[in-house]
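Scrolling down, you'll hit the structures one after another.
In what follows, chain A forms one complex with chain B and a second complex with chain C.
On to the complex of A and B.
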């Protein structure tokens, strides 16, 4: 190579980056390659043997896997759009200079994503218990006539998880939109006022297109996050150390991987195969989203 | 359309920014607001546009009071300093966007947009996005977008200040040509007095939220009402010399021992400021000053000499602009002559003594 560096300088450079490279290799690249290798292994516990595509065949025959996949995709398809739209609406509202108490509201909406997971799970569990404050409030307001079984009904348990992750991550996405909005030249909106552009068109024809790149970015991030959904379904809809309740209604791919590895008789090879399913889903969906957002 | 401002005021909380402006702009006039940065030019323009609320007074456009009328319905179009083009739309979409909301059908929009594009030489750029245009082209698109709406009044807020010097001169001429073609009323804000002088039918000099003087460019140049206007209009700047009336003559405080003839009757002992434009020294006359040249700037067609009463005397040097000055050298003694009637006298309050 003709980099103009002497051999000595080159060696010095490698010496400086070596510790980081070793750590990266040891804790990132090696496990990734190892999990790829493992995904072709079958067997329980530490005694496994090469099984070729046996694990992939097992996927197609495994009702629990298909159920977890269905749950995960349901969460994804419903929660991500709701959260993105909500975050956009909050961002546009909080960007209005005439709104009072903007700083406080921004902080309040952002705070959930930095709240401790344990505190948040305990609070949600208690708030959404059969006799928790949410049911009490809804009963008091005569919106419902009997308590909603948030934890014990397959449908409501999914709703609860969607509520919880939306609560936790909307503010995080909103901050990206707020930053992008603040970078927009205010004269563009003044021009729109003079042009007589109505508020709806201002939002859909000016704001949304100008935020397109950030929206894409947050959508990809949220998709990845939701495909890896684990925390909430292993804490809020869990009891006696078993998550995904009731009756696996909130079982996700990540939780299933966890169960396969740490709760059932360990099946490392099969668990590795499922984790590669998540990787492939992330890749496919991100690619599709990039294509959709590309300029015509 | 005429535009009339009647004791127009604007306050942000307790801070008054526009302190009562009266102004009459006749239909088709090119009116330029000029003044130092922060004097309230943009605020005044934005009040006319409907982007700032009016605290007090009346705004009348075409005989109709507009104080509370929405910006979209005032019959105005505005060109912003940053151009404010919609970045995700092509030139064509940018120019036609407002017309969609005015209820024009696509055929009419296309016709209007194409006509404006032809006027401004944008026809080849219609499918580009703003980021693929040069500064001058963006400027043209912003102007085109304004023209398409066929406004009764054009508003420009420092439209040329983001362009380089050469392009600025070029666009200045284009805007002047456009005004001759369209004959629409234009209100144009700038801090650059050269732009004001070259473009305006009427210049409004603002300072600190008040109008200092209104008039045609040459009226302000030849006959300023006060020291501020005299100093602001004209480049290079007017020379100001302190003087006292003594024995029917003007004794120059800054040039000890030198005097100028007094051309108007003033009480003995009055303290005045004498204003001398650098270019009055080009012609001969009965008044004269004895100076020493400090610095010479050769511009080709003209020479600027900066000169003092003597090499060892402090104070602001006088600027002398002459056409026959190629042989001037620093350190050289210079005797300049001029017509004393061209000296302007200002009182202690800065107002012109006539």
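On to the complex of A and C.
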């Protein structure tokens, strides 16, 4: 099909793609190249001067950056696996045709996806207040003996952010798995059952390998999303207009970039360097996940 | 043993469903309670609904804010649909070696996070004097790589015979696209429209950067600024939450099947 185009058709092809390509060049490729260039510049505001690797050196000496990096990776390492496993379990359970109330359950678990990140963050902030409804419920059920300081303790603040993201995105991932499960031929399971393969083995030997590509896709998407975590930590754990509290325990890389650019005296070059840390992390982790999925 | 596991699984699912829905119920009962009751954990309908509503409309120029939200979401969605479907159609129907390479390059760009473009974009728009404008809000999102990919994938199912027949009838290329492709692909457009509308409606970081005055803010940004005030009043914030969620929840329940299709669209 590559050779079947007339000269005229080839030009038409460019005409159809031109608006998108021009806009992408202007609002994506040009900014990306510019931020790469910026990351070698130092100075405040618009007074740039060439700094070579000064920004990269500054990264290694900046405790706030290292803290934000650590927080972001902690969220990633704990939240993404929990959510992917939960979503898989829900999807497999909901895929059982004999389950009663499937449609209701599926809709309910998917419902969090319709909320904006800001709205759900505000709801979580109010539910997890010190004497809020969540602490009340946990006290009532005797799970805890005194209220958990969700937003004032560095450890619990991290837990809260992880709970919140898991609430918002588990149903989203589940829908991908449900769609993939429906594409698996049921006779495979039937045969396995006849051959006496136990349920657990069916899950690990049939379901997981069959869903490998979707699991990879959702893991990469979640990794990219979590590395850019911003809305939640700028709302749930924000007070007096400053996010990432308490004591920067929930400060993420994106929030730090935002602070460096729009809250403090702008340090564009350094902020751009940190944004490239995210780019490199996304690249490395996606590559690692692809490798892992291929080997299995 | 198997029965027990199945019972446990069912209980787990209903618990998960309850946890998923609870914040919505919390939002609705919260709208009827006072700020103190809300942070005090009261989960019963109260009597403060009208004062909350009154306070919300007193503090927020609701007409302006909703106009901003709808204007930005609808214009942004329409432009993205046109530009991205044109490109997806062009890449698929007029596939050539060069254009396939360009397309592969675009897919690589898909993994570059917004953070890497945010600062230059802000500097670009502020030096063009376009900060705090609808253009700054909408323009960067119009060409969406994800949507181009989605439309190219779906164009594979567009019957070639239709195009051939139209050409025999003497239709020009743009006429084929406009009068044949778009009507035939309407369910593809519908699914994309839902996703784009929600994304635009819920956008936060970029609007937060480029919008600076209250009269330009969307409802999503208004919720955020009410919630990060020095002394947030949760009663009126819950009203704002309900109003901010209503359009997306309506879209979801009216078009649930299409919505899920749109979400899965790119990975088919």
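Please note the rule applied: the second predicted complex is superposed on the first by the 278 of 296 C-alpha atoms of A that agree within 3 Å, B and C clash if a C-alpha of one lies under 4 Å from a C-alpha of the other, contacts with A are read in each partner's own complex, and residues count from 1 in each chain.
The criterion applied here is as follows: a residue touches a chain if its C-beta (ideal position, glycine included) is under 8 Å from a C-beta of that chain, and two chains touch if they have at least 3 such contacts.
Bear in mind that the values here come from a model prediction, so they are computed numbers and not experimental data.
Participant: Which holds for A:42: it touches chain B only (first), chain C only (second), both, or neither?
Facilitator: neither
Participant: Could you tell me if A:289 is touching chain B, chain C, both of them or neither one (first, second, both, neither)?
Facilitator: In the superposed model, A:289 contacts neither chain B nor chain C.
Participant: Classify the contacts of A:212 with the two partner chains as first (chain B alone), second (chain C alone), both, or neither.
Facilitator: After superposing on A, A:212 lies in contact with chain B but is clear of chain C.
Participant: With the two structures laid over each other on chain A, which partner does A:117 touch: chain B (first), chain C (second), both, or neither?
Facilitator: second
Participant: Please tell me which partner, chain B or chain C, touches more residues of chain A.
Facilitator: The larger set of chain A residues in touch belongs to C.
Participant: Figure out whether A:74 sits in contact with chain B (first) or chain C (second), or with both, or with neither.
Facilitator: A:74: touches no partner chain.
Participant: Looking at the overlay, does A:172 come into contact with chain B only (first), chain C only (second), both, or neither?
Facilitator: A:172 sits against chain C, while chain B stays out of touch.
Participant: Which bits of chain A are touching chain C when the two form their complex?
Facilitator: 1-2, 5, 9-10, 12-17, 19-21, 23-24, 27-32, 34-35, 38, 46, 86, 89-90, 93-94, 99-101, 104-105, 107-112, 114-127, 129, 131-136, 167, 170-172, 175-176, 179, 199, 214, 217, 220, 224, 227-228, 230-231, 234-235, 238-241, 253-254, 257-258, 261-262, 268, 271-272, 274-276, 278-279, 282-283, 286
Participant: Which residues of chain C touch chain A in their complex?
Facilitator: On the chain C side, the touching residues are 2, 9-10, 12-14, 16-21, 23-24, 26-27, 30, 38-43, 83-84, 86-87, 89-91, 93-97, 99-100, 102, 106, 109, 111-124, 139-140, 142-143, 145, 148, 173, 177, 198, 201-202, 204-205, 209, 220-221, 223-224, 227-228, 230, 234, 237-238, 241, 244-245, 248-249, 251-252, 256, 260, 263-264, 267.
Participant: In their shared complex, at which residues does chain A touch chain B?
Facilitator: 185, 187-188, 190-191, 193-198, 201, 205-206, 209-210, 212
Participant: Taking the complex as given, what residues does chain B use to touch chain A?
Facilitator: 49-51, 70-73, 76-78, 80-82, 84-88, 97-98, 101-102, 149
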